[in-house]
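Report on the following structure.
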Amino acid sequence: MHVSQVFLCKQKQSQTSKTGKTYYSLKLRDKTGMIDAKIWDLTNAIEHFETNDFVMAEGSVTTFNGALQLRVTRIRRAKKGEYDEAEYMPASSFSAEKMYAELMELKNKVENPHLRRLLDAFFVEDAEFIRSFKSHSAAKSVHHNFLGGLLQHTLRVTQLCYFYCRQYPMLNKDLLLTAAIFHDVGKTRELSDFPDNDYTDEGQLLGHIVIGYEMVKKKIDELGGFPKKLETELLHCILAHQGQLEYGSPKKPSIIEALALYYADDTDAKLEIMIEEFENSNSLDFLGLNRFLGTNIRRTSQEE
Amino acid sequence: MHVSQVFLCKQKQSQTSKTGKTYYSLKLRDKTGMIDAKIWDLTNAIEHFETNDFVMAEGSVTTFNGALQLRVTRIRRAKKGEYDEAEYMPASSFSAEKMYAELMELKNKVENPHLRRLLDAFFVEDAEFIRSFKSHSAAKSVHHNFLGGLLQHTLRVTQLCYFYCRQYPMLNKDLLLTAAIFHDVGKTRELSDFPDNDYTDEGQLLGHIVIGYEMVKKKIDELGGFPKKLETELLHCILAHQGQLEYGSPKKPSIIEALALYYADDTDAKLEIMIEEFENSNSLDFLGLNRFLGTNIRRTSQEE
Amino acid sequence: MHVSQVFLCKQKQSQTSKTGKTYYSLKLRDKTGMIDAKIWDLTNAIEHFETNDFVMAEGSVTTFNGALQLRVTRIRRAKKGEYDEAEYMPASSFSAEKMYAELMELKNKVENPHLRRLLDAFFVEDAEFIRSFKSHSAAKSVHHNFLGGLLQHTLRVTQLCYFYCRQYPMLNKDLLLTAAIFHDVGKTRELSDFPDNDYTDEGQLLGHIVIGYEMVKKKIDELGGFPKKLETELLHCILAHQGQLEYGSPKKPSIIEALALYYADDTDAKLEIMIEEFENSNSLDFLGLNRFLGTNIRRTSQEE
Amino acid sequence: MHVSQVFLCKQKQSQTSKTGKTYYSLKLRDKTGMIDAKIWDLTNAIEHFETNDFVMAEGSVTTFNGALQLRVTRIRRAKKGEYDEAEYMPASSFSAEKMYAELMELKNKVENPHLRRLLDAFFVEDAEFIRSFKSHSAAKSVHHNFLGGLLQHTLRVTQLCYFYCRQYPMLNKDLLLTAAIFHDVGKTRELSDFPDNDYTDEGQLLGHIVIGYEMVKKKIDELGGFPKKLETELLHCILAHQGQLEYGSPKKPSIIEALALYYADDTDAKLEIMIEEFENSNSLDFLGLNRFLGTNIRRTSQEE
Amino acid sequence: MHVSQVFLCKQKQSQTSKTGKTYYSLKLRDKTGMIDAKIWDLTNAIEHFETNDFVMAEGSVTTFNGALQLRVTRIRRAKKGEYDEAEYMPASSFSAEKMYAELMELKNKVENPHLRRLLDAFFVEDAEFIRSFKSHSAAKSVHHNFLGGLLQHTLRVTQLCYFYCRQYPMLNKDLLLTAAIFHDVGKTRELSDFPDNDYTDEGQLLGHIVIGYEMVKKKIDELGGFPKKLETELLHCILAHQGQLEYGSPKKPSIIEALALYYADDTDAKLEIMIEEFENSNSLDFLGLNRFLGTNIRRTSQEE
Amino acid sequence: MHVSQVFLCKQKQSQTSKTGKTYYSLKLRDKTGMIDAKIWDLTNAIEHFETNDFVMAEGSVTTFNGALQLRVTRIRRAKKGEYDEAEYMPASSFSAEKMYAELMELKNKVENPHLRRLLDAFFVEDAEFIRSFKSHSAAKSVHHNFLGGLLQHTLRVTQLCYFYCRQYPMLNKDLLLTAAIFHDVGKTRELSDFPDNDYTDEGQLLGHIVIGYEMVKKKIDELGGFPKKLETELLHCILAHQGQLEYGSPKKPSIIEALALYYADDTDAKLEIMIEEFENSNSLDFLGLNRFLGTNIRRTSQEE
């Protein structure tokens, strides 16, 4: 099968064959998935390109060890206009605009003026933050590692928290919704933008919990007039949302909204891990040990 | 202050004073709480009674070491009609009938005929089970340790699961709701009835997870015709609902409904622990290390 | 070296060579062990067969990377009569009949009529159970993963328990012997029969502890008249025989027979792991980290 | 023995005797230590006072259960001028001024202009910070829980780090010294001033690691012009100085200065725990299980 | 009830009553158990004595808080001849001489001349060692904490090991029996003699594993001519007999005899803990959480 | 590129090519590092040699899979005189003689005559020990796994301890310096000499902690006259220097010198791990998860 199309080059390695010849081993992505590729002959048809470039490649597809492999005969960097960047990245299956609108509806249920003003400073007034928040992933791998993943995860967590408020009247709705919406904002700086989507230096050394804490704390200081206890409680919710010290939270939940946020976050994260595993596999049998869930998992049967 | 009323005697100990005299040390409960009591003089006015008897006691209330103490001068077993048993036990603050009706509404959302028939066999047709399920606690101490606690916990967990089904379409609603309703039925045999509310012998040696498994498995066998995979999945959800081996589940959740049930169960249990702690204390300050949550907890501030 | 004989095909994979040709990579077992095989040319001499089929194969044996490899030139499914199934499976080095007789002798030392009747219902009256019990392995890998492994392990554990009874008179001999004989019966349903010997669906989702519990509990209910405390204690021994929650027992041993059974089970399992490791290796040096024992192991020296 | 002097009242509890009389149970501290006290008769000579007040008390000292006890006959709040506050608090045995001077000498070895300017903004220009830093404890209990404890601990840690720089040339001296000097500044807000010396609300909910991070981060932003990587590395050292997630650090040490700081901090903390235990006891025998060190400890013998 | 007899004084504390009078609080043991005692009046009839002295005491027995209490009116040190030391210490219920003879029988089954000579050097030729070994406890508390406890435990462990040798022919009988007999000899120096039976200084700082290692190693060096590998294997068995690093063994079992010894030691220790708990209690109900076994325990029922 | 030089052969494997030809795969080391080599043709120019031999090899260097590969055409064992053994082993970058002199200076600060005499018996009088100690590594892999590594590590630890003595006057300088110098002497027998540098049999079965303990204990017994408590304390420091039971110390530090030694040892080991990782890599980016440090590490930036 001959192909000629634009790919995103995710990996490019120079190698030497037994006979001493240099060749390239590539990983190329298009909207349908990833394919291994080889450039065996470095002719004039092989122009310069690097990892994370969009490339226009031509060649034939064969099978090797049971997987498809593209033997590239011609390749060059793709030109703006030849491709739509968004199509080359894994993305949430939900509309970003629709999810954002739902999140804003939940935000608007916050009545406390300090919390509302703080939320608006990020989610209404800060266009650059909004752009970044909408398109970020929520992780490098694990779960929600796609365009819009941060938004989808934040929405699910906030919806869960809103439901908790109906079940447990002791919960302070304004504080919990605000904490839910803010809990992962540090991820906009912990991970770089797509297509890179990798840990930044401050992501590695400080982590999204502390970065998010600092983003919110700084804005509170700028806005001024925040009640001290409320500030401390909101920041505590952000710090404690991983629930356990060994998961990277420097404090365990001491107030009930922090505890509720931890459960909403963990519930969505772990269910999403299973959902993504099953969506990425056609098997109805056990998939083997899942390292995040610590057990062997399988899809539920569909017998009637 | 002189009192003369019926109490439930929760503890009765015979002791000897320094001067060699025998006296009794009691713990008495009425609807307002628990009080320490002493019987210093064993006169004819002190009739025979035992722990867990209802007693008509008379005496004067004083303070000792900052707490109230009743010096009993006259005591006898109370007669049927002198008291209403229900008033002497801690009970859910929600109506048992109303909660049961809500739970049945959720049950009726189960459409799979096998699961529905199984649910009805317990929750519609088995009057003795229904009586026991309605009045049981969900624990000896920890959380939901009151009349109706099992019903309240089961309702909250099932409501959470129903909400999850709206958020995560991959979840099999019929299986999850059924598993949620059944997950703690073993507690009707793990703990004895009020006023005793203590571990039974099989509760200690087998535990509510395995007892509940066996109650459901036996009924499935009796009813017959259950699809084998569906049966195994439902039983797996019951076995795995504590989420971790070290919490007493012999299996970790391998299917998504078992994982969802674990989160619903854990969320309600832990939030209820905090709620009960705050309801049992007037302090707005930190309450000290809570051994179930592993951290120091305090009520959220109410500043505006 | 040319060979022509029957093998059990344990693995069959279709692969594509660099030159684009399809070939098969096989793992074939006979009584002497496992050999890698390749079918390079898919001629008419290569008939259809699948994994776990017995095949009559012909070809030449060469060495590749220091190991033997069979280049298959002709292959077909073997016919009944061309081979003896038992010879192609790893099996206990002890006679199944002899071990079963020894186990029955120990069973006959049980004097309590309820326990004896229960044992006989399985080990004397249930021919299908007896067949399955005799030929099962005790594990998929780890230890005793061979034909008769379950029987051999059960016999060793019961013998150890019988010895404990002589040393510690407090042990209830009848209860302990019965619990020992029953402790792993759930494995007859946790693992499928040979040559498959893999986890069944209920094995994965329920586990042999709970399956065994339920097999015994159901029979007790059928037989009727069992003393309640004795029933609970026997079932507790089965549930608690792994000793620790994190090893999958939903209860830790609370009575002394359960504790003794745990030690007998663990002693035989771990010693057998070492024995099998040493039998599978000719090295007198350290074998490297053993993941079940958590340390580096070596055979004891034979110096005089 | 009759006494009449000023004490700091660390505890005041109202109690009722068997005969129904109210009395007070106190804990009083002077520079020589703590003494239990009782006020049996609430006469006019007993004026109003509260916990943490300085009081002028009069009475007789007796022994009770082998310990001294003061029977107070007269008590009133002490007047300013009747006592020197510093004498009533446990304090470092080293001079605060001398230790501060030594710390400043180490600070002056920092040559990088950004780090030096940052240090000076706290340790030279901010008088209120300096006052607080000098007089704070480094803990509520555990170790260095005395006036000047924070200064003494910071000095010892910085000295250790300076020594490491001589041994391991790979260490960036400027970064490590700066991180050492700043590592516990958050304690000035985690714990309240003496005589209270208890966790503040933000201390409980945010913790000294995050508070210290934020104090330094805020100042860096104010000063401006800080190299980004250097800023991240310094902040990382503060966040990671407890070495392990389960000790409350949201990140483990990723750069060598963070690792070195962790060792210096832990070495001084643990050695100081032993030193304080031995100084608080005259025993040459084993003191029993120390819960911070997890073992039984004793002073080294002095045999020659 | 008036008594006049010899006791072993296990505790003597000087205390001061509310009225300022000094009195003594004692714990006295005779063969029937322990009794609390008070000396209220320090008359001439109260002669000098210390903890661990045998005393001739006279007084009246009353009950206080439900327990017996002896009010001592006359007391003096007992004279040699007035009592038999052995009667005042908890002791094995088995005859020391009989147990020693059984152990020697097992010792005589060792055929390897090096191992046999080593065993004889301790258990035949060293009278002081034999005396100490026979009368020692195997622990300060926990299990086998009585006269002859070390001998009883060593015998049970060696018997178990001998049984293992019959079940698992791979075991080197001579090595395993020798290791079993020697495994706890370090306890003769880890714990002091009765009536003290407390940790010695080297017991605390070095522990019985290393002490035992060194006793055997030193003797091997003295005797000379030991095969090097055999020596290392025997010493390894002693070092590894606690099975896990966190239980104080500096090495985990790497050879099969070390693994077998670990199981024999652990089996006897844990079963003995349960046996002693049940012998020390008359209750047929659950005894509450046992801290060594980590669970709630109860005696097995005796229903027929 | 053609080469002809002496290498140390670290690995030699016989393999068979697809075409059935035997060839050799080698790993050869010279002072600049390790290189893969192949001997494709087994001609007369290929003489006999074994792993760990020094060989004179001739051939051409090519690249394969991005790494260098030597195709050997001629090879023979090297003759004494053709090479300098020391050049072929990884070695400390510091002079062994200089480091030893520094260590001896620290040794000479020990004033207690018993400790000094004990040190001299090893470090002055025992020439064979001195030779072995100077050239040993401190580990097989992990850290300090080079010629002189044991000496370098011992020196660093002793220097740290000497610095602690200046900071914490409670430390017994003589005891701590002696313990530091002796703490790893067992490594001279736990690991074999270079070029082998692998675990010995007693290294595997007994470990360097116990071996070192025994070396020192034996010498103390030989010298005689050692104060008992001092001996026990010194031996305790050696046994406890890994700080935790799970790291292989049979005792945790109970005296302050043992605790200090643990910190010095752990500080030098962990800092050295990072230093070696960075020295073995040119990357300024994160190096990925380091398994000994449990986190992702990177070199500190050099921005000014």
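In this document, chain identifiers A, B, C, D, E and F correspond to the written order of the chains, with residue numbering beginning at 1 in each.
Basically, a residue touches a chain if its C-beta (ideal position, glycine included) is under 8 Å from a C-beta of that chain, and two chains touch if they have at least 3 such contacts.
On a predicted model such as this, the values are computed, not experimentally measured, just so you know.
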Based on the averaged CA atom positions, which chain is farthest from subunit C?
D
Among the chains here, which has the CA centroid at the largest distance from subunit E's centroid?
A
Using just the Cα atoms, superpose subunit A onto subunit D and tell me the rotation angle to the nearest 5°.
180
Inter-chain centre distance, subunit B versus subunit E - centres from mean C-alpha coordinates, in Å:
44
How many angstrom lie between the centres of subunit B and subunit F, each centre taken as the mean Cα position?
61
Between subunit C and subunit E, what's the gap in Å when you average each chain's C-alpha atoms?
41
In subunit B, residues with contacts to at least two other chains
204, 229, 233, 251, 254-255, 286, 296, 298
Interface residues, subunit D side, partner subunit A - complex
201-202, 204-207, 209-210, 213-214, 217-218, 221, 229, 232-233, 235-236, 239, 245-251, 254-255
Mind listing the subunit D positions that touch subunit F in their complex?
112, 156, 159-160, 163-164, 167-168, 170, 172, 175, 227, 229-230, 233, 251-257, 259-260, 263, 266-267, 270-271, 274-275, 278, 286, 293-301, 303-304
In the complex, the residues of subunit A that touch subunit F are 13-16, 18, 20, 199, 204
Would you mind writing out the residues of subunit F in touch with subunit A in their complex?
62-66, 286, 296, 298
